[in-house]
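Each of the two complexes below includes chain A, the first together with chain B, the second together with chain C.
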Partner chain A sequence: MSTLNALITLVVFPGGLAILLTGMIYEWVDRKLVARLQNRMGPRWYQPLADTVKLLAKEEVLPNGVHAQMFYALPVIALAGALTATLYVPVFGLRPAYSFNGDLIVTVYLLSVLTLCMGLAGANTLNRYALIGATRTLTQLFSYEAPFLLALLGPALVAGSWQIGEIADYAERHWLILTQPVGFLVAIIGLMGKLELPPFDAPEAETEIVAGALTEYSGRGLALFRLGKGVELVIGLTLVAAFYLGGVANPLLFFAKTLLLLAGMAAMQTLLTRLRIDQTVGLWWRYGALLVLAQYLAVIVWQGVMA
Partner chain B sequence: MTAEREPFRIPIGPQHPSLKEPGHFEFSVDGEIVTQASLRLGYVHRGIEKGAEQRSWVQALYLLERVCGICSHVHATAYCLGVEKLAGVEAPPRAQAIRSLVAELERIHSHLLWLGVAAHEAGFDMLFMHSWRDRETVMNLLEGITGNRVNYSANLLGGVKCDIDQRLADAIRAGLDYLEERTQHYLDVVLNDALFLRRTRGIGVMSREDAERLGVVGPTARASGVARDVRVDAPYAAYRTLPVQIVTEMAGDLQARFIVRVRELFETYRLIRTLLDTLPEGELTVRIPRRIPPGEAISRVEAPRGELFYYLKSNGSDQPERIKIRTPTLPNFASVLVLTVGRQLADVPMILAGIDPCFSCNDRMVAIHDTGEGRDRRWTWEQLRQHGIEVYR
Partner chain C sequence: MEFNKTWQDMLEQLKTWARVNSPWAIHFNSGSCNGCDIEILATLTPRYDMERFGLKLQGSPRHADVLICTGPVTRQARDRLIRIYEQMPDPKFVIAVGSCALSGGAFQGCYNILGGIDQVLPVDVYVPGCPPRPEAIIDGVVKLLEQLKAGYQPAARRSGVLRPVPVPVTDAG
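For the complex of A and B:
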């Protein structure tokens, strides 16, 4: 029985199919909102699903000069990383399926696997756009990763735990966006960087380097990478909502808060001009990381004073 | 991987998402910095000049209008003015005014289109979508006047074929009021949007000396402080009685090119309103002979992108002997190669878009000079075909 339960958890709900579908729906919400803000019609609700089905059905072209096993394995690893991360996160307002002390760090790094795989996928090919895209993807990874992690560690610090479930419990009683506004901002901007959404889409800036690291991918590989991104979008929104916006104790709160965050992200995507990669790095290391560190100090001092 | 000393080359084109038409740029980069740039043109050579020589003077007009899909009217105007000069006739004042009116409406549409494309190159799709939505206003006006959204065919040899009545004039005025309000907003964005400025201010700076040396034309030159505008320097059509204020900026960077084009829109709105208020009464056309007397004529007009140059030669028959067109993109191309060196790769599409390139308008026959042998080579059609098969196999 427990095996069956575990299998359902992994494959159907909340991991697996459910999260994949949610990822597609969230991708649609994002695209539709951006389109409406830009005075366009935007895609129909089933467009991401249709794209995925189409890509999965298409032939996957293996370019010359790539390491074939790596070329096929990277998208699978990327999606697997993102799906595994689902198990430790309170998606759909449920308790995390699995939990252990320190799972916050593991989750954050599982999320980075996707970006890492994309960087490797780009570096694996001989395509010049993909190589430049891979460089930029990895540069961006190194620039947002630390501030993003720091922004998630802020709540961990005040909750006194490294376990996502416990931090979420603590955050349900405290709206940390009020006490750690900088952390919230850095987290949400870091998430946009992680997902390579505008204005942080320099790694896949179509006007410069076509499709960036994924230029050579078509068919199944591209579909898996896209699915992975959708999953990562949901998980990232869940983490930020759970930590900063008063928790996601039930499905209603979960959808309300994550969609609210998504709407905010769509507005930012519309309003801002793409940053160059050097500007992105400068933004995060010069402002993001330093501001979060300053807030850390403030929290630590405050805790010392109170204690 | 490539050898260590080999420069890493990024090809942009002939097919690339940032190019709307085929051209081939090759940039050597060191990391993200461009160290060398080269350009190859000729992918969309259509043989229009030769085609025009095989048609009658009247037929050539409609062919030449199709040199450019964006600024078709200025091509027809330049051609008509040249032919009229050769024939020794002059279009009536009302026709001249309508020519200028349509040209200015076309300038609005071209500048708004450019604004959107350039914003898209910077990843600012909001501005792209909004400016293209507003561009529909002027497209509808042009359709109202001429019946066509592109390739308006407003010109005839010896005049124009469409008239402006009271209803049209009111529609144009109403459209301009809306566009003026929107343009004010775009000017605000171009001047003040903090993130957009990070992609435009101080990027691709071309000094006044460089602009003169490279011989750039149009808004690209005016953004570097070169007050050069054919409408002022050698007035034609209605501009002879209608003074145009030249808009210049001294900065010479991308932002200046944005500001110049957006400010030019305001000047264009003023010109159109004045033209509508002072539209002379009278005929729309004069008779022009079918056979144009022998002679040569040069005709210059200010296209939205800069100076458009036409050379016409007649041998007294009903067909042109030779037509030579130089579009403003050709003199501006050199500046891209100079300006991109030392800049970031991410700035390259912006700098390229900054000159508002129009590839297929610009592609002309180029004679191949073989410097090694010291004599020109001529290829037969068979050799050319064989070469093509070998190169693109």
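For the complex of A and C:
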């Protein structure tokens, strides 16, 4: 019976199918909101599903000069990493399916697997645009990863635990956005950097470098990478909402808070223009990381004073 | 709803549905005067918003389903045009936009012009006009999508010619 339960958790709900579909719905919400803010009609509600099915049904071209096994394996690993991360976060307002001490760090690294795979996928091909895209993807990874992790460790510090479930429990009783506003801002902007949304879309800037690291991918590989991004969008929003916006104790709160965050992100995508890659790095290391560290210091001093 | 359908038919229907609802396009200019290109860009602006049909402009030919071509094919651009076409994964469709893409238009008979797009690639939809209005381009795309719904096969597959026959270079006269 426990095997069956585990299988359902992995393949159907809350991991697997349910999170893939939610990822597609969130992608549609994002695209529709951006379209409405640009005074357009925007895509229809089943657009991401149609895109995915079409890509899965298309021919997958194996370009000359690539390592074939890696070319086929990387999208699968990327999606697997994102799906595994689902099991450790409170998606749909449920308790995390699996939990152990220190799973926050594991989750953040599982989320980075997708970006790493995209970087490798770009570096694997001979295409120059893909190579530049891969360089930019990895540069961006090194710039946002540390501030994003630091921003998620702020709640861990005050909750006194490194377990996502326990931090979420603590955050349900305290709205950490009020006590740690800098951490919230850095986390939400870090999430946009992670998902390569505008203004941090230099790694896939289609006006400069065709399609970035994924230039040579067609059909199935591209579909899996896109699905992985959708899953990562949901997980990232869940993490930020659970840690900073008073927790996601039930499905209603979960959808309300994550969609609110998504609306904010869509507005920022519309408002801001693309940053150059050096500006992105400068933004994270000169301001993001330093501000979060300063906030850490304040939290630690405050805890010391209160103790 | 029929119940005697095999699952292959259902899968085929699903694929067709997805293809009709998500045509990603790439735009190539093989020697146009830029008039048609400006109209294509106007088609993609918020006013006409092609995303409501699921059409997205892609940077990479590997991601695209529809090749939107403008202009007559010059001898210089011919190899690039064929190359872009061959980089696209199957099934792929070609839309020729503008009088020049149809027949060579005002440039017909020039020493450096091969003629319309169909001299080089199998074309699925012709959109006439000099330049065609955005409404005409949208009409062309929607006609292609409706044909697809009715079970249309790409021109490339019907003719069986994937690699176009090279055009012999004649003396410039």
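Here, the second predicted complex is superposed on the first by the 307 of 307 C-alpha atoms of A that agree within 3 Å, B and C clash if a C-alpha of one lies under 4 Å from a C-alpha of the other, contacts with A are read in each partner's own complex, and residues count from 1 in each chain.
One rule holds in what follows: a contact is a pair of C-beta atoms (placed from the backbone, for glycine too) under 8 Å apart; a residue touches a chain by one contact, two chains touch by 3 or more.
Everything numeric in this text was worked out from a predicted model, so none of it was measured.
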Item to check | Contacts of A:37 with chain B and chain C, given as first, second, both or neither | outcome: first
Next on the checklist: So in the superposed three-chain picture, is A:277 touching just chain B, just chain C, both, or none of them (first/second/both/neither)?
Outcome noted: first
Next on the checklist: If we overlay the two complexes on their shared chain A, which of chain B and chain C does A:178 touch? Say first, second, both or neither.
Outcome noted: neither
Checklist entry - After lining up the shared chain so the two structures overlap, which partner does A:11 touch, if you call chain B first and chain C second: first, second, both or neither? => result neither
Checklist entry - Where does A:294 make contact in the superposed view: on chain B (first), on chain C (second), on both, or on neither? => result neither
Checklist entry - Is A:215 touching the first partner chain B, the second partner chain C, both, or neither of them? => result second
Checklist entry - Does the superposition put A:198 against chain B (first), chain C (second), both, or neither? => result first
Next on the checklist: Which partner chains sit in contact with A:206 here, chain B, chain C, both or neither? Use first/second/both/neither.
Outcome noted: both
Checklist entry - Does chain B (first) or chain C (second) touch A:61, or do both, or does neither? => result second
Checklist entry - Which parts of chain A are touched by chain B and by chain C alike? => result 38-40, 129, 206-207, 210
Item to check | Contacting residues of chain B [partner chain A, same complex] | outcome: 8-11, 16-18, 29, 31-32, 119-126, 128-130, 133, 193, 195-196, 198-199, 344-349
Checklist entry - Which residues of chain A touch chain B in their complex? => result 37-40, 128-129, 131-132, 135, 198-199, 201-202, 205-210, 270-279
Item to check | chain A partner contacts - residues on chain C that touch it in the complex | outcome: 14-15, 17-19, 21-22, 24, 46, 49, 51-52, 54, 58-60, 62-63, 65, 87, 89-91
Next on the checklist: So in the complex, the part of chain A that touches chain C is made up of which residues?
Outcome noted: 31, 35, 38-44, 46-47, 49-54, 57-61, 129, 206-207, 210-211, 214-219, 222
